[in-house]
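Okay, so subunit A shows up in both of these, paired with subunit B first and subunit C after.
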Partner chain A sequence: MAIHQQGLANNDIDFNEIWGVLEKAFLEIHTKNASALSFEELYRNAYKIVLKKKGDELYKRVADFEERWLAMHVRERVVNLLTPPLMMLDSVSGRSLTTTAEKKDSGEKFLRELRGAWEDHQVCMSMLTDVLMYMDRVYCQDSRQPSIFAKSMGLFRDQILRKPARAEMPILLDILTRIILDQIRMDRDGETIQTHLIKANISMLEGLYDSDQEVEDEKLYLTAFETDFLATSADFYRSEGERMLRESDAGTYCTHAKRRIDEEGDRCRSTLSESTAPKIQRVVEDELIRHKMKGLIEMDSGVEYMVDNDKLQELGHVFDLEARVDVKKTELTKAIQKIVMEMGANITNAAVAASATPTAPPGATEEQAEDKSKTGAAKVNQVTVAALKWSEDILALKDRFDNIWRQAFQSDQMLQIALNRSMADAINSFSRSSEYISLFIDDNMKKGIRNKTDAEVDSTLEKAIILLRYLQDKDLFETYYKKHLCKRLLLNKSQSISVEKQMISKMKIELGNSFTLKLEAMFKDMTLSEELTNGYKSYVNKLGDADRTRVDLGINVLTSMTWPLEAFRGGAAADEDQGNLQIIFPAAIDRVKTGFTRFYNEKHSGRKLTWQTNMGDADIKATFAKAGKDGKPRTHDINCSTYAMLILLLFNDLPAGASLAFEEIQAATNIPPSDLARNLQSLAVAPKTRFLVKEPMSREINPGDRFSYNENFKSQFVKIKVGVVSAGNKVEGDRERKETEKKNNDSRGYVIEACVVRIMKQRKILAHTALLNETITQLSAQFKPDVNMIKKKIESLIEREYLERVEEAAVPSYRYLA
Partner chain B sequence: MAAADASRKDEAATHPILIGVKSLFGNERYSDYTMECEGRKWRIHKAIICPQSEVLAKACDGDFREGIAQCYIFNGVVADAVNAMLSYFYTHDYHDEESRVMLNVRVCYLAQQYLCTPLKDLACKKLSSCLSNGWAGEDLVLAIETVYGIDPDGESGVKTCLLEVVREHLDELLSDAEKYADFHATGRKTPSFLMDILVGRRHLVHSEADARASHVARVNCRNHEFCMKLGPVPLVLSSVASRHNVLLRCPSGSTGCCPA
Partner chain C sequence: MSTPGALSAVAEKFKSLFESSQATDFTIVCDTTSWKVHSFVLNLYSDVLACACDGDFKEAAARSIDLGVDGETSVGALVHYMYYFDYATDDECHEPCTLHVNMVLLADKYDIPHLLELANEKLVDLLGNEAIAVTADLIAAAKLAYDAEGPTSIFREALVNATIKSSTLKPEEYDTIIRALPALAQDVAIAMPKSHLKAKEETKGLQYCRNCGTQVPLQNNDAFLAALSSTKNKEKRAIFPEYIRCRGCGHEFVSGTGSNLPTFLNGPGGLAMEMNRGF
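Coming up: the complex of A and B.
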């Protein structure tokens, strides 16, 4: 036993001796005097100790040595640099006592010292680790101890960072965090700071762990610094954002926010840790963008101002900002939609207001205005102008936002959808949009495309298609378009039939075959009619009786269901039933009529021709006794309506000086009183075409008025056109519109019924909601069906036993009855 | 297979890089560092040595005297062993024709000290091969004394080699006290050696039973580099071992850790 004990004692002496050598050397290393030390000697000694199974003792001694060194030499040096300006950071009043420069300076000194201490510690420990490599590899691995390097890093953390700087003071780590945050604050305020000092200290925190287990996501940087940093930054940017919203304008705000985000990213790279960049940027995005977007957009200088003043670049900034935080760009989308809707509503209101203003636009209608009976017509015309302006304005609105979308919103898809939706809403919220768009096309067909190149014409048509694309009630549009097209074709108002056809083919592409079917039929009728007229001419010539007095006939044969002939009925005539009244023709005219009827029946048997006497015009050669120079007779070519022709023909046979009463004229012609009144107004009141004299002379045509041939008619023109009051395409009167709508609703009813039956025939049994949805989907290309109307139609179909309710079904359902 | 292996070996041995490196051993040309032991000097090439020995690399590059003076002096080891280690760094082999057992033992410990496991394994292999050729010389006793002098309680490949030979010839060694007087004398002075013999015997007796018993645990065989490379191998905890929590023996054949 004694020998054994001595053996151990020997070993102990050995150990202490060797440790003495090592400790002395370590001291030299820590005082930067290693150059004289022999690596081999230190390594060999440490090896020997471990070989003698004294690794644990050696490990412990080294750790103790380091702990002592840190506590006694290093901590003091660092703590000494905690000068008053730094320690006053935490008290609010303290801030005002020290200048920023002092604070910055003291902070830098402290950071520099701590960095020095950390770097020294690392250098020394890596030297110690080198000579203790055998211990690390053999003892530490066998006994599962952290390497001596890791252990000593933990000691640095515990002895330096986690000790209170002085009694009653926070631990150094907290002070360090605060100093760094303060420096960052200065950096954000525009001071120049020593970024490398902070970076070095941050690297230290990144190299240290919360515990000796060295868990990767428990680095001191994360647990002690980053959380604080993010929280302080959130506060900072929250108040900065609020201040900027108050004091700055939106454009500046955007630039600033973007700069801040970039700055924070750069700061992470240069001063902090790369890994924090996404987190802090997220904080800035939250505080400056996500939480402020609404406020930013609603600023006086916000999105509305930018749109109003075409600040495309700034709008682009707003877009960029929100795009960072929200793929949907919710706030911007909302704002833009609101603006589009408002602007759309303004355009519509302006159109409504313009059409209601009684003052006639100067110039164009001045000559008509002198004729008081035409003020009504002038007003209608004004409404038409408003309709055209509405269309142009809506197109301009679209162009404007398209431009913004392209230049500022990077052609973003979300915003495109939103813009389209608001444009559609703006257009469809106006109940007369279908009519206005049709009028827009009408005007262009009649005047707008005059003297334009093909490309310009095409772009005009394209504009119309753009409007049409947004339009929901395509069926209503079709009604108006047919009506307007009808007048253009029959009254020869269209500039170019080929452009008309171009338009139709564009609509065909946009809206489908069925939409243009009837429109194309109208063109077909026109072509056929031309052939008929020519055919009739040669037919008459072949008859051989070259009667000079025979009246020439040009005719349009119209398929009755295709042509909306009610368009020609004047507003006042709407309540009269013309069908029952047989117009009385003079013999010359009647001959032509029967002649053509015979000719037509030879070609097509079994067709009934109905003569639309309220339409058409006539060319008459009229000789006035005193119209020429020096009061000599002069012949004028007069172009007038069919009715006017009938009226004028009556006076042919009248003896000179004789007159006819209003009632007599009506009895002789059977022209409906309202039409008669209008035509007489043109012939006896309008100054330039006053072929008749009215008694008593007044603007209005009243029953009992008498008319006689105007012997004193004079005109400098050979050709005279008698104005026809309701010839042009104009905005409908309220009553007309109601009628159109009613008609449209009726036809919608049929379409809905047909659709429901079609669906049910295919599906046999279908739930109520499914049927509704299916119907709405199928009809959406034509119009947006009213749900109540669908329900009514379903009821009606049940009544007529096309459908029946399924009694036993869980949800309300219908069954198709074959 | 064997032919292919051989040809690959030949190819490796004739690789120009290897030939170049080999030619540098003992060659002052391009040398940039000096190593010294017992007055003998070697001009060596850090580019060759340092990548193979982390310890020497730290010494050469560090801020200690060895780094500044660019000279490393070995103490407490013999020059032959240092020469063998340096030779190994250049050629992955060393010559052991003279004083074979003792050189191998010394190289083995030098390799252990400098944490150069492949060299340690090579030395063990060489040792066991020269012991199997002739075990009865006085080298064996010298080796036992040296090994137990350096590291009486530790576990090492060298010890295993020696113990294996002793166990194999134990009857003969014990029966002729005169012929093996040195062995007997050494045994008397070296109790830990005797303990190792005894534990080893017990292990032999019980190993089969233990292999079936519940003491068998799969543990990483820390000391045995080759076993570690093969992954966890079953280690038999002898009852003695489990009581003392020491002496884990690898049952995968030769504890000298030579691959089969």
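Coming up: the complex of A and C.
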């Protein structure tokens, strides 16, 4: 078998002859006439040259060839399309000479030609690369030259893009950038442009590098185009944003900004480079949002307007916009907080105004108000109504912003925190909020929950809890709640005990066990009392004393510390020693009283019963001689206070026509004068329950007035309830409130002292500020302690030698003295 | 994950597709012979041949390439290699050296790295570790290699070493080849002093690691010996009195001969020996 000898034996090859073949072929390739060329022949020739170590020569020749080709054939074609409408852009005055349509048209022609030149160049160079593969692999690698393809791309950059288009003109690359930016500007203004042309030219810039080293960060696209693009866009959007703020409303602005951001993203995908999308969006965000957010929110049609008019969708846009640029949504948060605070303040002001409108002069004390019974009652009522309205309004406010938060703010956590904080501020900035909230619950317990389904009741209770959650002075609330609850329980005003208990358990969940401890004790007392009453009844029955005339007794035994009984004293609170007064009971009543006392002492030895006669009520049957329709005697069931009963019983024993003086009644019953006056007012002045006749007839009860049995009493009702003036729950008078506050402050003082001692006992030595902080933290669940008060309490503890100052400490500190 | 056997199944399929000319879409022509081949297979092996199949030149349209300049035998071997992963070196081949050098050149020209490796291996095997036997084939092959230069460096180096060895062992053969190939004579002249220096140092107790070239002193490596199982210790010391362990790479070999430790030393002691494919 013969082995073919390769034709390489002769060492000398004729370089020029071979290059002649190659050059001819390259020309054919560039004139798109390559189909007749033999790849094998061309490859073999290039291979031979490189194998004979003439690679560098070949490389140079190819590069020269390309450079000549680009300079002589390609540049000419492209530059020819720089028609006047395009070049007019140079001079500022030239702008007006060309119409947009002309500019667009010539721009497109230029872009098309340049794209063509670039694409041709790439196709040809990839064919050349195929032929010169051996040179790339052997020569370029050994001598660390860029591949011939990369080299020729650099040539394209230098020969086409970096050469001035004509003498005294900027380089073609700058013209290209300007034309593309012009086209984009037209696109932004709503013209339809040939995006694929721009895209093709952009890909060219992306395929070229600033230097032959082909550093990834130095693509021509980045160095020559993108910076310009971002800067022009910033200018464009800056002025557009300013114009929009001036000329349109906030809603439109938001929609527009959002559209612009999306548009720019789309433009990058369809026309420019994906990699620019985040950068340009950032520019638009900066110009249209970040720098304009404040202005946008404060516009006439800004956030406040949107909230006022429930423009949820637009609020949503504002939120979206700011969320893009700021995770904290600072501006929106600030604006919303301000609005909540304002609206809260409005509600509070309205409540204050509503409670102060009636004729009674501002600052009228409770006593004065009660003197003028009717206007006073009206006033009390009005204040209560104001309290209810306040609570409802605050709840409505919360609902409203919750709704906005859910629908427009995508339940954003930052905004939730902000909303909660400003709701709390709005509620706590009102000094009577604790009382109003308690009143709100009180009203619902007495009336509100009537005829409501369980679910509705539950939602009402939940509302109360919501208000409570924001409240800072929970101890003050507890005081009021206890007072109101006490009256509800003792006067049977509550619609449903189970709902009351539900409320308590809700509070327990929300505020903790210690908060509801005393409230629960009240319910326990009520239950025990019921058992006691029943037990006493069966005890009496067992005695076999079936005395029909015997008075039935229902009793509530109340643990003395748990119940805020001063609530009942009302305006008569001045009579501090009232409890010591021994009321004189008629024999029938006294028998029952002593009977129960005996019964109770048998059950629980060592307990002392104090009778709160001022709180009881009684059902009595009274027969009036002429009460019937035709003047016949008629029996009425009268429900009245214990005091009223005692008064009425006096008249039982009185001969017809006789009368008793105020002082006589007082002497006979020992009822405190103020209570007596009030009860007499109900019995002798109030038209529907005028069982007694007063002499002289006037509204006020004065010492020396005389009272007699009203024979002519008439009423169409069988059951009559005697109103007790102070029975209703109402807003406290100023004096009362001061008292409550004082009491509250006192109890806060004890709590603070206890807390300080507890902390010091644990820590032994603690710096002043640390102690303050710790105390505030521990107590914040109950109330917000006053720093001055804490300081005073610390002083007092030092005086009493619980603590001492640490002399040698660097910072003021205390030591616990065991 | 590859399924065991998948690879060999594909290899079988290559052969059968070639033998049946099934699904072929391209022709390689060489003088009077032509081979029906698959452009896919050409793509697998060579970017250059792939360009011929898929580029914008005449060959792609004609679906055929004329490799006449490369010689029928060589091109036949190339085609065989592409389908059988080897080329024939049967007994009928009277000029194996020339064929291998031609294959080295083809592999370089068409950028087929594995073929280049294979052909070089075959050449080195053919030269062996001993002094050379000069044949007309060898001289022709050497001439080819010296003409082409670059791609044949491995073969030329092996040839120089073999020539130096034969200078003392087979002086006539040495004479013949030196005279036949002036370029080789130059290379030998350049390499000779280095080779002598090495031999001298080895006798002086200096050795070069066969693996990394570090100069190491001639001495027993106690640590190495201690690692050998104790029962066989004495025996081995007797047979291989001079082990060398390279300071640079840890390679172990026997002094003077340069050969690796025999495999029986790879005992359960875990002294796995790296087997160098030597000269």
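Methods note: the second predicted complex is superposed on the first by the 740 of 818 C-alpha atoms of A that agree within 3 Å, B and C clash if a C-alpha of one lies under 4 Å from a C-alpha of the other, contacts with A are read in each partner's own complex, and residues count from 1 in each chain.
The criterion applied here is as follows: contacts are C-beta pairs under 8 Å (C-beta built on N, C-alpha and C of every residue); 3 or more make two chains touch, one makes a residue touch a chain.
Keep in mind that what you see is a predicted model, and the values were worked out from it rather than measured.
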One more residue to check, A:527. First (subunit B), second (subunit C), both or neither? neither
Which partner, subunit B or subunit C, touches more subunit A residues: C
Report for A:16: first if it touches subunit B alone, second if subunit C alone, otherwise both or neither. neither
Check the residue A:769 against both partner chains and state whether it touches subunit B (first), subunit C (second), both, or neither. neither
For A:40, decide between first (touching subunit B), second (touching subunit C), both and neither. both
Between subunit B and subunit C, which residues of subunit A are contacted by each of them? 34-40, 42-44, 47, 51, 53, 127, 130, 133-134, 137
Can you list the subunit C residues touching subunit A in their complex? 47-48, 51-52, 55-61, 65-67, 69-74, 92-95, 98-99, 102, 105, 109, 111, 140, 143-144, 147-150
Which bits of subunit B are touching subunit A when the two form their complex? 54-55, 58-59, 62-68, 72-76, 113, 115, 150-151, 153-154, 222
As the complex stands, subunit A meets subunit B at residues 34-44, 47, 51, 53, 127, 130-131, 133-134, 137, 142
Interfacial residue positions of subunit A with respect to subunit C in the complex: 1-9, 11, 34-40, 42-44, 47, 51, 53, 127, 130, 133-134, 137-138
